[in-house]
Amino acid sequence: MGLSSDFLLKDKTVSNFSLAGSMAIKSLISPQATHFSYVEVTLQKPLSLMAFTLCMRVATELRGEREIILFAYRIPSHDELNVWRELDGRFSIYIGGEGVHFHIPELSSMQTQLCVTWDSSSGAAAFFINDKKSLTKIFKRGHIIRSEGRIVLGQDPDAFLGGFDVKQSFVGEILDVNLWDYVLSDTEVQDTFVRKRGNVIDWETTQLNINGEVVVVDVQL
Amino acid sequence: MGLSSDFLLKDKTVSNFSLAGSMAIKSLISPQATHFSYVEVTLQKPLSLMAFTLCMRVATELRGEREIILFAYRIPSHDELNVWRELDGRFSIYIGGEGVHFHIPELSSMQTQLCVTWDSSSGAAAFFINDKKSLTKIFKRGHIIRSEGRIVLGQDPDAFLGGFDVKQSFVGEILDVNLWDYVLSDTEVQDTFVRKRGNVIDWETTQLNINGEVVVVDVQL
Amino acid sequence: MGLSSDFLLKDKTVSNFSLAGSMAIKSLISPQATHFSYVEVTLQKPLSLMAFTLCMRVATELRGEREIILFAYRIPSHDELNVWRELDGRFSIYIGGEGVHFHIPELSSMQTQLCVTWDSSSGAAAFFINDKKSLTKIFKRGHIIRSEGRIVLGQDPDAFLGGFDVKQSFVGEILDVNLWDYVLSDTEVQDTFVRKRGNVIDWETTQLNINGEVVVVDVQL
């Protein structure tokens, strides 16, 4: 599946009022499971990471009956940085094709602020769910996340940008996806809820390529 | 098991960058159950206590299927101050070889701020879980916790510094262990989450002797 | 059972140090079920109420297997104002011998701030559990709570001050019992957690008559 049917977010925004003193951000709604709906996030700089913080807000009514892809960064040969809700309810981070799993509170219809941090020098990886931090696991110490990939929300690309599986697709709402090339402090991660912007992905300014049935609405923060 | 293989924390810190305005503290990660991984906490003054407040942050994926040692202070003849998660899910404080049990919320993969207070003059003992205080129990009134012991994290020493049981070992993450020789006020205990430092163990400055597979990472608060 | 074995709280306080800038209040610990341990709360003015707010902090390890008396105000002929945790887990308010029941979150080992409000002119009665308010029920509209009674914590008096049943006794910790002769605003009720004092019972200054195995400790707030 190529990029020929892509178009830019600004053309598809369905709600675009704004209130004085507030800020509107885009929110992505995937009403149903498909093998063709996804959003590509345009990178503002090449993604070569020795550390990262990834945050998003996510809400879904999907229960524990299947895998759910939450974030996919794939280079031509393999998945380089993925975040999953697994079949058994655990969450996982895949880096360079290998995964580490966490038992953390489940997603629900209520928005969850979900962040992931990882640092190559120590291998320390952790989740944050709302204002709570998980235990830290040591994982892929010394690895460097490679550039020249593409970021996809809503589907797990088994090919560079395609090979999607409806049973792994995301159904629900994702917004405010921000990515930093370093590990924010615990306090800063908790502050991301109140409007910190990534230096690799900045959700306020990043360009989104919408495909399929994804609906974009503006949310007043 | 002696101290011959010990080495100091500073030599083993695997990540040591710092951000302006934030503070880094050491975090201890025990990736798996062993009978040989533990951390000895060097005491800054002899531990002769008529009262105490002990706080730590702890996260674990261990479920209710076995005992978990959370803190051990042993003198040559016996355990003088231990904190356990018991087989049946209750928490316990052992002082001078005797225990008192509490039904309190269970530990999880998400970090819990756990504090214990005890005062010899009244015998009042209580747990704090995050910002909640448990009921108070009367226990070991008049006892004085004896000096000349050693503090071990991650294992229960059945001998002075050895006799470890893999089935009691800690698996997960422990950090920010602080000990005071008096009972902090309820408000102060809740404030320990935001960086109060013990006068008997001060986690920021205390020297740790790392043994076995414990990984030390720096966490930016 | 008379008052001959009573003695004053100040004589029984077992821990009485104080820290600069903090405040100590008395906490009542009932280590086990008895038919003879109780605390009588001395009234600072006669209790003739057309409305009230009653607050306390309470923690218990008792599970749902039996009734638990939380507050009893009895006049010679009958119970005039009682608060119960019922056999079926519901909470109830009895006024003038009649009760109203609420399904609210259960008590636990962790301290719960529990408040009850009632107003004769409307009959509106509600519970507050920590910072949450229950639904309102209409109950005993027009009733006036009569004076010349006695307040007992820990037992349900079936006679004026006696006739206790071990199976209804309170086991655990009760503190910070305050009573007002009017209905506080919702916000004020939530503020009681941070040190508001009743105008009918003020826990800081009220005199307590301790009987049996109740232990009194000072808690630094």
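Chains: A, B and C, in written order; residue numbering restarts at 1 for each.
In this text, a residue touches a chain if its C-beta (ideal position, glycine included) is under 8 Å from a C-beta of that chain, and two chains touch if they have at least 3 such contacts.
Molecules present, by chain and UniProt name: A, B, C = Pentraxin family member.
Everything numeric here is computed off the predicted structure, so don't read it as measured data.
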Overall pattern in which the protein chains touch one another (line/ring/star/complete/other): line
Rotation, 0 to 180 degrees and nearest 5, that superposes chain B on copy chain C via CA atoms: 90
Classification of the chain A:chain B interface as same or different, half of numbers criterion: different
Intercentroid distance (Cα basis), chain C paired with chain A, Å: 51
Whole-Å gap between the CA centroids of chain A and chain B: 36
Multi-partner residues of chain C (each touching 2 or more other chains): none
Partner chain B, residues of chain A touching it in the complex: 102-105, 119, 121-124, 129, 132-138, 141, 183-188
Contact footprint of chain A on chain B as seen in their complex: 14-15, 19, 22, 27, 29, 31, 59-61, 108-111, 172-173, 215, 217-221
